[in-house]
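Following are the structures in question.
First chain A sits with chain B, and in the next complex the same chain sits with chain C.
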Partner chain A sequence: MSKTEVDPATGEQTTGHEWNGIKELDNPVPRGVLIFVVVTHVFAILWWFLMPAFPLGWTYTRGLLGIDQRATVEQAISANQAERASWTSAIETSSFDQIQADESLMAVVKDTGPQLFGDNCGACHGFDASGRSNYPDLTDGDWLWGDGSAEAVAETMRVGINTSHPESRFAQMPAFGRDGMLASADVRTVARYVYSLSHPEFSTEENLESIAQGESLFAENCSGCHGAAALGDAETGTPNLTDAYWLYGGELDQIIESVHGGRAGHMPTWDERLTPVERKVLALYVHSLGGTTP
Partner chain B sequence: MPEFFHRKIERTAIGFVVAIIAAASVGGIVEIAPLFTIDETVENVADMRLYTPLELAGRNVYIQEGCYACHSQMIRTLADEVDRYGPFSLAVESQYDHPMLWGSKRTGPDLARIGGKYSDVWHAAHLNNPRDVVPQSNMPAYSWLARTPLEVDNLGHHLAAQRAVGVPYTDEMIANAARDALGQATPDSDAAFSILDRYGEETQVSAFDGVATSVTQLDALIAYLQVLGQMTDAAYLDTAASELPPDAEDRDVTQAEEERN
Partner chain C sequence: MAGSLTGEERRTCLLILGVLALCALGIAVPGRWDPIGVHGLMVVLLCAGAAGYLLLRLNVPEPSPEELSGYYDAPIKVGVGLTMAWAIFGMFVGVWVAAQLAWPDLTFHQAWSSFGRLRPAHTTGVIFGFGGNALITTSYHVVQRTSRAPLADRVSPWFVLFGFNLFCLLAVTGYAMGLTQSKEYAEPEWYADIWLVIVWVTYFVLFLRTLARRKEPHIYVANWYYLAFIVVVAILHIVNNLAVPITLASAKSYTVWPGVQDAMVQWWYGHNAVAFFLTAGFLAMMYYYLPKRADRPIFSYRLSILSFWGITFFYMWAGSHHLHYTALPHWVQTLGMSFSVMLLVPSWASAGNALMTMRGAWHKLRDDATLRFMVVAAVFYGLSTFEGSFMAIRAVNSLSHYTDWTVGHVHAGALGWVALITFGSLYTLVPSVWKRQSMYSNALVELHFWLALSGTLIYIFAMWNSGVIQGLMWRTYTENNALAYSFVDSLVAMYPYYIARTVGGFLFLLGAIVGSINIWLTVRRSPASQAAPGVYDRPHDLDPTPNAAE
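Our next item is the complex of A and B:
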């Protein structure tokens, strides 16, 4: 049954098999495909010798070109650094004031800052830096730590807030209600006083008595950190309670919640993750977003 | 002659099967087998830490929820990845990952160095509903994690299973796995102090999800996310990438390099 014959239409041999009257031509591989196969094989063999390829038990062939992917990326990183060196070295060696006075360097800040901010800061502070509850708005003029200067912002970025960094900024509001330092009625009373500081319309005739009680509770429990006039202290990260800026909300319920459960926000340290130049650029960018005074 | 060989082999079923197996195993032999025999595949570093039971449980939650389907844990040797994420990943950083979670798809960002980048509070809010902190995020909400208590009683078995595949957990670690898991999420408890003895001073003890009175799957997942990229300083040494090791202030880098060699 297996008998090769020549197909009359093409002049090619058949395989000799017959399946229900169907026969199969025994063509050679098309020339184009054959050339492709030969070329790729030759390329593969060359590549074996040029690049790291074959395992040899405990080691492997390194290849004649001596290419190492890790060395390659190190070179690329160094090349990028060299390319940026024109402005990174200027930013590194200049003071914040000098950079702010230099238009070309501030152009770099405006160009690079948003990228760094998006990669590192936007997830918490919002990509427009306007913040949200628990994450400060960086576009307003109100600063919890420091005077809002670029130096102060850079320092906050370097050490973080409530981090494991040895120089970390620390600020913690105790949980007066939860930890039993104030009875829950007193928590509400002191919160009413605090609320009245930023909401003068709250000091109505009927509220005056409880606000006065709250004031004396405030003097005993809160003034140590927030100050007698509740103006806070940017050296210790204590918020001003008399203004319109509230990190955890300024409604009466929200103030009660803060007094009851305490607050201890956490800002990561960027000392390890970002270079001093990157932090400087970011600080200048953040500084450029907001005013310096409330 | 090759034509003759092919004709011959395709006419014997067993011979053809053997030929197929031989051809198909070339890739495996060339790419997988050497990983077990070539010593330099996995770098030798002295400061490689182990996952604590809570972190290991968090890793299991990460697998359970399929996080690896959208997040890789592999910073490739490409300059722009190093620029964005930090030093490229080393094999040793996955040394105790069984199975590894490198992933191959990035719907979300790479997580190999996410540890320490955001606060615990942020992770808790973000996992509860990503839109609350990143309005344009398309990540699903995992709000049930905060309500699902973590099963800790079986963690000893998980540690023992990891030891069976080469992770050097001690008998003491396995015996105390449940206690250590609870302690790591309960700051100021006795158990929280003993975990530092067993797993090192750098272990992060925290009420990860903000609730110190219960240990949930959210605690475990945040504990795990916060150590990604923090298990060794090796990736930060000998690199042109400018980042410093995670604890550069209190650690002499040259000394670390000596330990390495």
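Our next item is the complex of A and C:
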């Protein structure tokens, strides 16, 4: 068994070992492999001298280059901040009107706004800001809170809606049906009235009586917030019920659902998650999407 | 299966099943309001099923003395079936999760089919289910042939094989119920981990006892690698899974490792799982089945020694390259990177040793797809270990980390290396163990080879493109020093590559199905081998003393 022999195909010597017919050649490790071993080891040893590398109890070898990843990151961040300061300080100190009047600052808003919006707002409002069911469209000119000015948008972002922020905007539509404030039939009646406000064709001869009943129910229960003419109030976040914009849907059954179960949407506060400059850029970007005039 | 055991061995199996069922009952009853109760009940039922199977066969004739003194191949045959079953399951789930990334609605709104639960089912299915069964199965085959000794006993091979598969089953069904330790590749909870320790120690003892009975003076290289795989996986598994369950009646546990130490232990585990599960064991396959199939001697014994000790020593240090630019201290990252660079030489030496072994047999590649599987696997092994060392360099890692490049790299290794060497080995092992002239259809082996190769290439090219684009998009700034793209912009750019990746994975799955059919037909239909039994076809048990050949 332990007899070395010559491999006929290569003329090389075997080791004499054999396992189930498998033999081994007694070739030396090729010179290229050894050179490669030396090169990688020399690199590694050099690197250990240059960089932080080995632990020494409570400390470690710092390396001849004195490089430390924390310091590197801090330097990179402050270098970037220094370069951004050319526009961040202008945006921070200027009023919204001043920024909007400044073409170069508005170019920065157009350049950086979409990425900020995509990373922070798009998941709910859609990446083109056109909203979807239960999440407002920011391009349509209909605003629940404020007049759509950049200031108002910035304030909504700062405090959020129905959040734990101490200055949060707060608006809640009670659950009239579920909480027993209105009987089931009355929920339907008042909803028919509300529906008729935005759908004049609904006020047919046969519907007139129930719509009139709904109107009186509306005056008793709803007008306190939505106003006698149901025009809403952007100061309290109360929607206008006479227009074509519906956050939770404007079909009759959707209105019934809103009156029955109530509504309390949530917009997060970005007070701590984004810097004032980022919120300003975002507000101006959202404002620039065209949703300014109803 | 039962017919290969003596009556006494069958009773031992029944006893083990009884003890296991009692332990499972001890978990199922107090844990009945917890997912652990489901697992307890599952194990009780599986034990009852297995015991029923054995009880019905208590009177089946015992094996002849001739059979009892020969190699013990029955667990290998079952292991081949389990390997291919897990391959199809794991790869199917892989294609599914790949498709979910392109079309997220493919969860069908079920909790169990969400990406977060299916993805570990894919990784566990292919790494542990497919890879693990392939390793156990081939190790039983290789250690007997290269030691010229039968397995040390006839009960523990079954205990290891079925015990390991029970672990995989607990893992995958646990994910479906939402159970996870949130440690990548170590997701199963504490009780499954304890069970694996028992199984693994049994495996270690079985392997050592078989080696100790060898009738060859030297231990073959393949067995060094199998042993390294078994020993190190035990160490990794135990250390990384040290955890305290909240009660013995709950599946939930908390790891004993805090903060960044937990991350370090996890990636020391994770990287060495790649090293000792997905590399060492498969190198063992390469060292046996490739020279066997090529009918050539290993190029260099000394190169084998260099690469074996290089791989086992350097891999142990390299795990921290998974944590570049994190809270892990800089000096640990330096060590991870430098050891990864030094690791390249022994890795390449293994691949080179395999390719140089082909000298004088290259012409066989034209017609022998089985050999081609293994040679291409060695090439992919060389490529992906180079890529791994390259990506471990901090500056490169700053681009590649957290991108699909990592996913592409893993699959260059997993598909190109691990799976191809396994298929090549199985196509060599199956006709030999079932004593068939050849595989049922060489055309199907050929078809499998091209499906697997094209699937792998499509997959890794898609992920390279995707990963580099992602990495660049995340670090591109506008002239105002603001990020040029939002995260979602990078997702939109990934979309075509995610589709391509799904196609690549699907081709690979198709190949595995073709392979399974071919193996099935080989077992059922291929004509029996006419060759007279050779000197190696039986262990030399008649020799009075161990190591008599010395």
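Going forward, the second predicted complex is superposed on the first by the 257 of 294 C-alpha atoms of A that agree within 3 Å, B and C clash if a C-alpha of one lies under 4 Å from a C-alpha of the other, contacts with A are read in each partner's own complex, and residues count from 1 in each chain.
The definition used in the following text is that a contact is a pair of C-beta atoms (placed from the backbone, for glycine too) under 8 Å apart; a residue touches a chain by one contact, two chains touch by 3 or more.
Just so it is clear, the structure is predicted and the values come from calculations on it, not from any experiment.
Of the two partner chains placed by superposition, chain B and chain C are both touched by A:N80. Contact with both chain B and chain C is seen for A:Y60 once the two complexes are overlaid on the shared chain.
Once chain A of one complex is fitted onto chain A of the other, the partner contacts of A:T236 are absent, as it touches neither chain B nor chain C.
Of the two partner chains, chain C is the only one touched by A:D26; chain B is not.
In the superposition on chain A, no contact is made by A:T4 with either chain B or chain C. Touching more residues of chain A than its counterpart among chain B and chain C is C. In the superposed model, A:P166 makes contact with chain B only, not with chain C.
Within chain A, the residues touched by chain B in the first complex and by chain C in the second are 54-55, 60, 69-70, 80, 119, 122, 127.
Of all residues in chain B, only 30, 33-34, 37-40, 77-79, 82-84, 86, 88, 116-122, 125-126, 133-136, 239-250 touch chain A in the complex they form.
Taken in their complex, chain C has these residues touching chain A: 145-146, 148, 216-218, 220, 288, 291-292, 296-304, 306, 325, 329-331, 333-335, 337-339, 341-342, 344-345, 348-349, 352, 359-361, 478-489, 536, 549. Chain A meets chain C in the complex at residues 1-2, 7, 9-10, 14-15, 17-30, 33, 36-37, 40-41, 43-44, 47-48, 51-55, 60-61, 63, 67-70, 80, 83-84, 87, 108, 111-112, 114-119, 122, 127. Of all the residues in chain A, the ones that touch chain B in their complex are 54-55, 57-60, 69-70, 72-81, 119-120, 122-124, 126-127, 132, 134-135, 165-166, 265-269, 271-275.
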